[in-house]
Each structure stands twice: as structure tokens, then as C-alpha cells.
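What follows is a group of structures, each given as C-alpha cells.
Shared chain: subunit A. Partners: subunit B in the first complex, subunit C in the second.
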Partner chain A sequence: MTTTVTHLTTRTLLSNSYDGLSTTIGIAVIGILALLLLVREFAPLLRGSAPGDTRALDMAIVPLLIVFATIVIARMAELLA
Partner chain B sequence: MSPGRPAPMSPDGQAGHKPRIRTAPVDPGKAGRGARVNPGKDAAIEKALRRAGVPSGRAWELIKERDRLTMAGESRGDPAAPATGVSTKRIGAVSAASCGLAIAAAELSGSVIGAIPGAIFDAALAALLLILFAWRPQTAPGRMLPMLALVALIRPVSLAAAVPAVGPLAWYALAGVPLITGAVLATRLVEDPSRELHLRIERPRLDAEMVALGVPAGLVGYLLLGPTPLLAHANAVGYFVMVAILVVFGGMLEELVFRGLVQSAAVRVFGGTGAGVIFTAALGTALYWGSGSIPYLFLMALVGCAFGLALLRGASLWGIALSHGLMLVTMAFLAQGLARQV
Partner chain C sequence: MRAFTQFGSLLVGAARRRAAPGLAPVAVASRLRAAEGLAPLVVAVGLWALAMPNVDTTRMTDLGLISVLPPQVPLAILLIVASAAWHLRRDSVSVPFLTLHLVALVFLLYAMPTVVEAQPRFAATYIHVGISEYISRTGSVAPGLEARFDWPGFFILASFLSQASGFHSTMDLAGWAPVYLNLMYLGPLALIFRSITRDTRLVCAGLFLFELTNWVGQDYFSPQGLNYFLFLSIIGLVVTHFRTLKPASDRFREWLGARRRGARLLTSLYSLTAPEQLPAEDQPPQRQAGLIIAIVVIFAFVAFAHQLTPFFTVAALLALAAFNRITLRGLPILLGVVAVVWVSYMTVPYLSGHLAQLAQDFGQIGKSVGANVSGRVGGSPDHRLVVTLGIVFTLSLWIAAATGFLVRFRDGRRDLSMVLLAAAPVPLVAAQAYGGELVLRLYLFTLPFMAILASGVVYGRPQALPSRLRTCGIIAVCAAITLGFLVTRYGNERMDIMTTSEVLGVQQVYKIAPPGSLLVSPSGNLPWRAQGFEQYTYISQTYDILAGKPADLVNLMRTAGRPHSFLILTASQEAEAELFNGMKPSEWDAFVNQIIASSDFKLVYQNADTKVFELRSPAAAAPDSIADGTATMAASMQATPLLGFGVES
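Then we have the complex of A and B:
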């Protein structure tokens, strides 16, 4: 019904195991998060960017951190169950 | 020369000498890559500056500096910046359209090669756009790049954050929390969020009309899409949670991202309200590709255009978001109600 949860998203979530999802898209998302964190730290050194320039990275870093936390909690819950 | 009138002074203070015109040390044709130089106008400015006692070389430097500041102001969306040059505008529009096409291609590829590869492509694209903006914020598309990155993040976040075990209604919240956080952080890049994102309620009647439009739109949406029920066990608490999740993480999130952030940047980049509204509606529609219903895509394109135009005619983002939320709630209630009867 929405752009976040479409029919294709539902089908993908139901047809794959959580292990499969977290080791494919989960790993990719964590990789992108690591890359953005590196850029955020090193961009001002390399380019002399103003704080406002790297501030744009936060709008992706914070959501990806929340996703990372969700994946960790879900995997921990799976292990403890 | 009349005897009573003093002879003109040259810049070096020698009376009676005709001022020597020096060759400009900075070639106006090379005054910076992409700088807008009007040779005739700039020569006149340089002449006026020399008359005011500014050495010729310094005059050309000032003209070059003015061009640089103008370009930087335009790319940041500075309303005080003078009219944008045609080439800069074209580069910005083409870049933004290319990025939008790449996001749409990733969505379309999801149904061919699988949702996960498409989402990984989207995540890489989002990172690329953000790194480009952080590295060179003065690029022609300007603020459009991070807004498009936010759109590209929707698919990877929705797939990575959703936990299959918790059920469909929770997926909306699990995907919505990180995305709405990102959208709120993105508003920091907007100079005047209240005005640019249309947060002020200026025409309450138009807002009320838009909200009321949500119910028939939801009815049509239900008939075209035929969604499955979201609640396994329907009760009062379940219905309340469903309404809250759909309004906040469905209507408000999507309208803040598309009509608020993307449309305000698109109208600037494409230089026209029509082009900005159509681009935003098309981009939003592309993300509905995974719904698997072409008629529903057309409905969402129409709804997107109607919301975009209403916003530019004075409706507030709150009214639009509530209308979208009500549309989703209507669809969900119809799906739930009919499932109970069966």
C-alpha cells in the first residue's frame, strides 16, 4: 500500500529466511554505513569541508544505525529463543 | 583643453597623461570552469571600476569572485542569488533527472532480478549521492542530491529493517522509524523549513478538502490494489495501532519526503512548478512499482500530482499528509472488514 512496504517487499520478506536477508541486504546496509562513517570522519581532512557539508551524511548515517541496531536485536533474539 | 580646467590624473598620479589601458591579467574567458561571463557587461564593469581607481587586474579579480559567489549561492538554493545561468540550470536538471531515472531503474530491476539486488543498487546510489554532495556541495543539483539519496534509501531500509517474524503491520513501523528520522534530519538542509515545506496552515478550507479527498481515493485504491488485511486478530487496540502506524509511517513519512523535501528541491532545480511536481510524482510512482498493479500506479501518479499542485496552491503539508494517511486507513479498513465477512 505504501512505498516502504509493497507487494514485492512482502513477498521477499516471506520467501526468504531472516538469515538470508540479514546476510545479503543487511551486510550491504552495514557496509554502506561503514563507508559513510569513514567519509564523515575523513572528508573534512581531505577536502576542508564545512560542517554543513558533512551534516548531509547524518541523514543516512542515523537511519542506517537504527537499521543496524534492529538487525543486531533481531539476531540476538533469534539466538536466545 | 581649457586653461581653467585641471588636466586628468592618471592612476600613477601624473597629470596630463592619457590613462594607459592595461591588458587584463585574468582572461575573462577562463574565469573559472562553468562561470557565467558576459564579456560586454564585464568589460563595462571593469571600466567603471578602473574609473573608481581600482587597478585593472584587481577589477577582473573582483568580477571573477562575483561569478564564483553567484554560482555557489545558486547551487545552495540561495534565494538572494541572481538569476541562474542557462547552462548551470540545465546541468542541474539533467543530473537530477538522471539520478531519478537511476532510482526508478533500481525499482524496476527489483521485479526482474529480485528485490535484494535492486535494494543493494539503491543503497550504493544513495551513498554515492551523499558523498558527492559532501565533497562538492556547490554542484549544480545542489540540495536535490541528498533528497534523492533519501528516496534511494527507502528500499534498502525497508528490506533490512523488517523482521519477518513480527508481521506485516510492524514492518511499516520498523521501516518507518529510521526513514522518518532521516527525513527529519534532512529538513536541516532546508533554509526556511516552515515556508519551503509548507508547514504553516494558510488555507484551512483547502486542507479540509484535501483530507476529505483521502476517503474516495482510498476506496478507489482498494478496488485497484485489493490489499490483504494487516491485522491477524482485529480488536480496538489493534485498529488504533493500525491507524496510528499508517498515518505516521505511511502518509506523513511519504508526504514529508516526496512533497516536502523532494518537491521543494525539484521546483528549484527544474526551474518550474509544473516540472517539479511531475518529476516528484513520477519518482514517487516509480517506488510503487513493487505493488504489482499498473492501475494502482496510475492512481498514485494522479494522487501525487494532485497533492503537489494543492501544496503549491496553498495547502499545508499537514493536510496533504492526513489525506494520504486517510487514504491508507480506508484501504486497510476495507481490507480488514471484507476479510472478516469472508
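Then we have the complex of A and C:
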């Protein structure tokens, strides 16, 4: 299973141009990130809990933010090149 | 003041005699008092209305509109301010009374050019109308044509509104933009001010001061004008409904309590994150969720409509979240993601041509400040005075704001949210010079918070009503502010005014010049591009060409390779050359005479303020290059730094 996932990921990344990746997978990543950030703001309202109880969401948000930053930096670098 | 009250008594004397039989004595007395109080307002509006038709803008000097304003105009403005200041001495103030004064003040301050000038002012207004007209006509945007198409929200909205409301063109919405935009700002401003105080006196004083000091002139028919309102709305909603009620972290406070070394310093820093005195309004969770969605939707429009405002908004919310002023701590990140996504994905046509320049300017604080401050103090002596006064005006307001903060701080009020909101835009100066305009934007985005803090100097202590003497002092200061406002806001009016002759002259150019022609002017300060936006190639040269020979200009125009080329010279361009470059009228006349005498140019149209020359025997152009006029135009427009093209948008 692990090998299959790794193989598929590698194939997907290598078979597309950067522009293609950033406008397909990149958009999907950004969509999920925006959704999670929105849910993070709603969470205290919906559950009536304190704003601090969003650690589970943060665990997903932080890596996605890093991916988002990478996408943006790469796009800018491509434009500068 | 007493004289006006007596005058009010005379005005309502007949009403007193007629109204008394049908109403209870107390109600009659109350109504008559209100009518008497409104007398100065009526007199002020009357003075202003009688004086404005006498304004002759053709006699304007380099000091701008104030040089031709009759003294009744500043007097009328001062009368309204004085009436409101006198009313603020009362134990209980009347909100409708003050609102009426505020509306009248906005009208008197911001309707002046609309009333005395036949055409909308600012060359940029005509470009914005042209972009909206393009969208109305073609139903699409053209990012490769002009950078502003990369942030098209405002233009699409303007196009929709003008069509939906049956206007012939968005030009019909443009003339009164400063008045209705400044009225629109009052709502969110009141929300923001009420987040730190329930004192109506202070809130009203802040609103009056905002209107009296909003001299930067970004409230015209522009993306900035509308997006500033949306910025204020977002901040207003957040500070009203999502203020914190609790300290940032109980655990951190406990940890601090257990420390020995440096605990005092850390504790005092941590105390800054304590909530403000006023609790947030209690809202049910569904309503809060709705407000969050509303904020995100408003911001999405802002990101789609303006290049600067999203970053000012994110900076403001980030500052509030960092100091535990708001409960929505993740909101700045979400909005930051939206803003960056728009810039990195949807503005590629603009970024691909300008990113290197933007990256080069990043962090150049000295260059940015130089371009924004010292770079502006130049031109004719009167113009230098106007710019210097603007700097003095700005610094005075900021000093007053610091003093007001201290007055309230001594009285036990912290107002840290306002300080943070005022400070948040400052780091953006390091990012860009924005075509020498960023300090003006900085002033604009800090103004609401500076205004409420500065009002604290006089009205910061609710328990202390200003004495008669102090109120007289306030009125004297307001007189100085009014004069300062008239000079700084309308100081460039000689070049900002677009006369009917100029507008007709430029319209004539579009009749004479076939599509595909090259249109050239010494600067972009003329009412062009309001039609046929994509059908012509436009070149705005710098004023250096005025110092050169006609042959240089001829070579430049022939290089563009258009089948027909036209040179347009207007009065507002002459005024700009004199104001900003210190050029003498005789030098402009000499240049025009050289063009007239040149065998390469033919005068094809002229009126009082416009001259249009056609280049004789321009270079023959290949048909494909004519069809590609849009790209040529985008490339040949004067490159302005920042997230671009900035000064006018």
C-alpha cells in the first residue's frame, strides 16, 4: 500500500509541469486549507468550546500552510526566471 | 453664537405662534429649541450655497481651490463645526442633531469641486470610466491590456450599477463619489469608535475630526475609495462583535507567576493582551457564524478589487489577533491566504512584467520614504507650500493622537486596539514606494484611529465637559484645521480640474483619430481613455520632452509605427508641469509654438484648453502590428511601481 501511494505520488509529480501541478493539486491544497481555516473559526461557535480547542485542526493546517507557502514561492520564482 | 441663536428665534417665531395651539407646551418648547439650535446649520448651508456660484476656477493659482474661494465658504464650514462643538458642551447630546451637522459638513467639504466644476475631476476618473465602459461593452476583462484589469471587482460593480440604475455611463456615478463615499464611511467608523467608548461625545468628535482631516483625496470614483469603505466595514464588524473577553492564556499567566527572573517585565508586556474595558455585544452562535461568513465574503471582494487594501486589512487584523484583541485569531491567516492566492494566481499578466521590479524595491525603506516624502516637495513655490502644509498637518494629527491616547490612559482607558490599528500599516512602507503614494495611503489607513485618539485630547474624559473657554479654543483649532484641509485637499486643483473644453477636446480626438492610432501626451493628466480603451495606443511621456526638440518627439512617435499619430496638449497638463516641475508658463508656450511651427505637425483641432496635432507622414505600420495595439499600449504606458500603476487606483 505504502509503495503504491509513493509510486503514484512520484508519477503524478513527475508527469506534470510545475504550472500544471500548481493549478490542479495546488488549487486543491489551497481549497482544503481555506476550508480548514474557516472551520477553525467556526469550531468554538459550533461546539461552544474555547478557541484553544482547535489543536486537531491545527495539525492539518500547519503542514498545509507550509505547502501553500512552497507553492507561492515556486510560482513567484518561475515568474522571475 | 448667541447672535445665531437669536436669528434662529426669529426664524422660528412664526412657527411658535402657529404650532402652540395644537401641541403640548413641553413638546412645543422642545421642538422650538431644536429649531433654534439648527439655525447656524441653515445659515451655514445658505452662505455656502450663495457663495459657490461666485467661484471662478479660471483664476486659480498654484495654491489651488482656496485661492478662488470666497471667505463665506470656510466661514460656513466653521459655523457648522462651531455649532456642533457648542452642542457637545451639553450634559446630554442629541445624536440626530449631530448627525445632521455631520451630513452637512460632508456635503460642504466634499461637494465643492462637483458644484463649481462642470466635469468630474482627476484624470484617473476617466480611465476608471473607460475600464468600466470596456467591461459593459465587451462583457469581459482584459488583463493583458492594463494592470487594473487584474483587480476588476470595482469596475465590474460600477458597470453593473450604472446599467442597473439606467445611467448612460459610469461617468454619471463619478461626480458625486467623494460625497457619497464619505457619507458611507461614517457608518463603519461609528462602529469602530463605539468599540472603545460608549461616550457619544467622543464618537461624534472622532467622526467630525475624520471628515475634517481626510485630505488625501482617495475618495473619488476609484477602487481605493470603495475598498476603503469595505476595509472599515471589516474592521468595524470584527472589533464590535469579536472583541475578546478573556486574557490570552491562563496557563501562560500561571507560568509567568512561577518565574522569578524577568517576571515583572514579561508580566507587564503580557498585561497588554488583557481585553479592553468594553465587553463585546452578546450574539447567538448562528449570528456570529453569519458575521464570519460576511467578513470572508467582503474580503474576497476586496482581494478581487484592489491591490493594496487586502494587505492593509490583513496587517490590521494580524495586529489585533497578536495582542489578543479579537477572538478570531485564525482570521488574518485565512484572509492572508485569500489575498496571496489572488495575487499569485490571478494577476500573472501583471506580475510577469513587474515582479522583478517589485522584488527589487522590497525592503528599500529609505527609497520608499524618499519617494513618498522628500520627492514630493518640489515644483512651484506655492505647490511646495501645499505639500509642506500636508506634512505638517499629518504630523500634527499624529502628535495629537499620541496626546489623546495619554489623556485617556491617565484616566484608566487603554484604547490599545486603536493604537494597534494605527500602527499596523506602518511596516508596509518597507514593501513598496507605490509610485510615491504609499505614505498617503498610510495616512488614509491610519486616519480613523488617529482621529478618535486625537479627539481624546478634549473629549477623552466623559465626566469632564469642556468649558466655554475651552470650546472657544476647540473652535479656533477647527478653524485652522478647516483652512489646512482646504489647502491640502484642493491644493492641486489647477491640475486636477478637467474643464469642459478639455473633455470636449479629447472627445473630438476620438472622432478624428481612426482606431489603431497612436495618441501621445506629455503626461497622463488629461481626460482620455474614457472610451475606446483598447482601440488606441496611448503613450504618456514625461515632461522631459518639453525641454527637447520637436524632432525628438517626432522620432518617438514614428518609432511606434502607427498609421496615424496625434499629440494632445491640454491646460491641465500645463498646470501639472508648472506645479510639479516648476516650469514657467512661457516655457510651455514656447514648446507649443515650436510644435505649431514644426513642419512635421499639423494642428487638427483646438479650443480654449486643448490642442490636437497630427503627425504628418507617420511611419507605415504593418497590419498585424495595428491589430496588436492593445499589447503595444500595455507595454508603452509609463511603468509605475508597486502592485502597480498605483497613484490613481
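In the analysis below, the second predicted complex is superposed on the first by the 72 of 81 C-alpha atoms of A that agree within 3 Å, B and C clash if a C-alpha of one lies under 4 Å from a C-alpha of the other, contacts with A are read in each partner's own complex, and residues count from 1 in each chain.
One rule holds in what follows: a residue touches a chain if its C-beta (ideal position, glycine included) is under 8 Å from a C-beta of that chain, and two chains touch if they have at least 3 such contacts.
Just so it is clear, the model here is predicted, and its values are computed rather than measured.
**Student:** Would subunit B and subunit C fit next to each other on subunit A once aligned, or clash?
**Tutor:** fit
**Student:** Is subunit A touched at more residues by subunit B or by subunit C?
**Tutor:** B
**Student:** Should A:41 be classified as contacting the first partner (subunit B), the second (subunit C), both, or neither?
**Tutor:** It touches subunit C, and subunit B stays clear.
**Student:** So in the superposed three-chain picture, is A:76 touching just subunit B, just subunit C, both, or none of them (first/second/both/neither)?
**Tutor:** second
**Student:** To make sure I follow: the centres are taken over C-alpha atoms, the vertex is subunit A, the ends are subunit B and subunit C. What is that angle to the nearest 10 degrees?
**Tutor:** After fitting both complexes on chain A, the angle is 140 degrees.
**Student:** Thinking of the overlay built on chain A, is A:7 touched by subunit B (first), by subunit C (second), by both, or by neither?
**Tutor:** In the superposition, A:7 contacts subunit B only.
**Student:** Looking at subunit B versus subunit C in the superposed three-chain picture, what is their shortest Cα distance in Å?
**Tutor:** Result, nearest C-alpha distance in the overlay: 14 Å.
**Student:** Where on subunit A do the contacts from subunit B and from subunit C line up?
**Tutor:** Residues common to the subunit A contacts of subunit C and of subunit B are 40, 52, 54, 71, listed in rising order.
**Student:** Along subunit B, where are the residues that touch subunit A in the complex?
**Tutor:** That would be residues 110-111, 114-116, 119-120, 123-124, 126-127, 130-131, 133-135, 137, 146, 149-150, 153-165, 168, 171-172, 174-179, 181-183, 185-186, 188-189, 221, 225, 227, 246, 249-250, 253-254, 284, 287-293, 328, 331-332 of subunit B.
**Student:** Can you list the residues on subunit C that touch subunit A in the complex?
**Tutor:** 249, 285, 288-289, 292, 296, 327-331, 333-334, 337-338, 340-341, 344-345, 348, 351-352, 355-356, 359
**Student:** Quick one: which bits of subunit A touch subunit B in the complex? Just the residue numbers, please.
**Tutor:** For this pair, the touching residues of subunit A are 1-14, 16-18, 21-22, 24-26, 28-29, 32, 35-36, 39-40, 43, 47, 49-50, 52-60, 62-64, 66-67, 70-71, 74.
**Student:** Could you please specify the touching residues of subunit A with respect to subunit C in the complex?
**Tutor:** That would be residues 23, 27, 30, 33-34, 37-38, 40-42, 44-46, 48, 51-52, 54, 61, 65, 68, 71-72, 75-76, 79-80 of subunit A.
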